[in-house]
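Labels run A, B, C and D following the written order; every chain starts at residue 1.
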């Protein structure tokens, strides 16, 4: 019961999608698979809410049990509710509700959430510089190849660097684009894409056939 | 700038600098920003899913268009939450299996049909043509690169003899590609920093005057 | 919709995908079947694996902990599953030597799976008392909050060895750089080509791409993983041969029919 | 040091010519080749964290489309911020071209599970997006009267900072044959050269440089072009750091911990 039902569900839904691929969209099985896709967008939405519930629970219990840093956790909880509650109230009550421009939701997103996300990511620039200095060494033939390619590509991607490369004989920028990016790099990416596609397909096959059950967890 | 705009600009500047302060050292201001950030990001999902999924995809079609059978995915969605009760956790496997099954069905086909076939076909390039040596050189690079990368990730035989040589060529190609990745990525990370600096200089410091 | 008979509805133009699907599924299933039956299937040794053992040994000598990060993705990601099975192997070595082990995770499901695997390893190694619930711990749900926490741990405890195996994203460099600064030996493995350059630059050894899967199949001898990998390998070889045939035919100017067969519609 | 290298160019801007790569030219040409007032899709598949790289691409594409009087359908597969960004960018640029919501453009918003969304729109867009982002039924939106599925869409411009672009290739382009151009962050650009070569993408913009190239081609110099100055200095700084690091490494001759790679 606990594993059989899920395995059957996965099998039926998977096989319908596979078979429908070989038939016209207007056929019966085409319609059926379309319905399943619509269902998936609904069930998939709930999966995202699962994460929100998890975070709320973890923070809530942290505050209740006065775990270290519980004061900060209150801030997290307040922020969750400040964002969530006005957004699900109907716009007809007040233009501050809902998700449209001018709502609390939109204001918080544009002025707090979005710039913070950008800032978090931007700190990476500093790390990449220190990595370049410390870690990026010509330790072996392979790492030397990596190093040289990286340096030249870095130069090529900025106007000032490209101007430098153009001072050297030969058309280095166009060589880089055609033979390095569109040649060697492209070929490797293609090999990796084919390999990864086979991996994903094999995983999918095993899920449909119920051989792969790790996603269910144990027990 | 109006008062509210100045307030907004200062607010963004405060949180931007608060998060950057971690580069120096972990500190309470950073922690405040970090926790607010985590909460807002989680809260964003609620409004979005409530509106676009529960109302637009589920409630309205069921009540207005009479598509009552959507109750099935609706119930499956709620069953996801059984994960939070230890005794009935297993029930949440049913909607999970549905998600995994449909996704796997689409994947199995699209990976083989949409990626493997076209990528194979586009590698079948003539080694002899009239477009000159440059083109010939490029073709050789592509064919050798693809084959040797595939061989490098072939695990069923020891990499000795001809297979070993090909795999060795493969690793050189792979390193060129990773170098290109590194060079490119530097640009990406720096761009994001530039984005923040553009804000700080043009909007925030600009608001002083 | 109804008037269209089943026969007409079939997309004959997609026959090439049927053929590929059948060959592929056949290969994967056949090898999985063989693996389950216990037929010996050869996998070449992955060079990075010796390094793992060596690095854990070094931690023991120095009396400092081993840090293992099984990526930052959920358990439904193949890379995470591969990472967890490598964790089992690493835990076995730390159990034998009595080296402290720390595994930070980002998802509750990964936490459960990780704890189970580590506990199992300590029991198998005959050191059940060495296992501690807190070895595998849930750290934070948000990507950068997770990273900040792990980085803090590295700087404070200075583990002798850091092992990263699983799905990594932008945090790859943050982790590897901090570990580098803390002076740890680092071994990484991920299938994401865009993160590999950073691991290669900052770590002492890196399992690239599918090497991660091969390593976990090699270590776990799990028939499902082994069979899948062998099946993929077989099809990969067919693809390489098919491409070479195609190149030859096209070069001789008689490959149009052959290469057009691969067009997707 | 990195901070300084980023700040200086804003105070003393230097102008270097930005060359165009063939991949960016292909993007420009394929949009140019569209018949006027075609129906196109502009997909906001990026998180707010990469606005600096991606937003200039989306903006420029919108200018380009509207200059050609195309009718634009926007959507997003990013739960965190995608629909908001699509809404804000379109509404900001629309007045410049006198474009009306619902007639000249529509924002479908977000639906969960991108695999299902991409595959489902091949059959019927309305079954996946019964309403637009703000809840207006599609049947009440004039632009959507003539649009059933991908068959009516002549072009898709995908702006992405993650692997969603792969699925636009493997599902939408492969099964429904819609031409797709792609603007991606620098991190993932090298991968997509493979799709450009096989014709599965009709063009590619890589990172801020790609965005700057496109801005220049369209003749709308924006944030990306300005950013290239700062980019130049930081790159040179990093390259010199690599060089200094390696010189130090060879001079001291210390092979670190002896393991390769």
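By our rule, a contact is a pair of C-beta atoms (placed from the backbone, for glycine too) under 8 Å apart; a residue touches a chain by one contact, two chains touch by 3 or more.
Please read all numbers here as calculations on a predicted model, not as lab measurements.
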item	value
Taking each chain's C-alpha mean as its centre, the one farthest from chain B	C
Centre-to-centre distance between chain C and chain B (centres being mean Cα positions), rounded to whole Å	18
Whole-Å gap between the CA centroids of chain A and chain B	3
Length of the line joining the C-alpha centres of chain C and chain D, rounded to whole Å	30
Multi-chain contact residues (two or more partners), chain C	14, 17, 21, 24, 76, 141, 144, 170, 193-194, 197-198, 200-201, 209-210, 236, 239, 264
Where chain B touches two or more other chains at once, by residue number	22, 34, 37-38, 41, 44-45, 48-49, 51-53, 57, 99-100, 102-103, 106-109, 111-116, 118-123, 142-143, 146-147, 150, 153, 174, 177-182, 184-187, 190, 192-193, 195-196
Numbers and ranges of chain A residues touching at least 2 other chains	18, 21, 30, 37-38, 40-45, 47-48, 51, 55, 99, 109, 113, 115, 117-118, 120-122, 124-126, 128, 132, 134, 136, 142-143, 146-147, 150-151, 154, 157-158, 181-182, 185-186, 189-190, 192-195, 197-198, 200-201, 203, 205, 215, 217
Graph class of chain-chain contacts, one of line, ring, star, complete, other	complete
Footprint of chain D on chain C - complex, ascending	51, 170, 185, 193-194, 200, 204-206, 264-265
Chain C-touching residues of chain A, taken from the complex the two chains share	18, 21-24, 26-28, 30-31, 51, 54-55, 58, 120-121, 124, 127-128, 130-131, 134-136, 143, 146, 150, 189, 192, 194-196, 198-203, 205-206, 209, 211-212, 214-215, 217-218
Chain C-facing residues of chain D, complex	174-175, 177, 187-188, 190-191, 256-257, 259-261
Touch list for chain D against partner chain A, complex	1-3, 6, 14, 16-19, 21-23, 47-52, 79-81, 83-85, 87-88, 91, 111-113, 115-117, 119-120, 122-124, 127-128, 133-134, 170, 175, 186, 190-191, 193-194, 196-197, 207, 209, 228-229, 231-239, 241-242, 244-246, 249-250, 255-256, 260-261
Interfacial residue positions of chain B with respect to chain D in the complex	41, 44-45, 48-49, 51-53, 55-57, 60-61, 65, 99, 102-103, 106-107, 110-111, 113-115, 118-119, 121-122, 142, 177, 180-181, 184-188, 190-198, 201-202
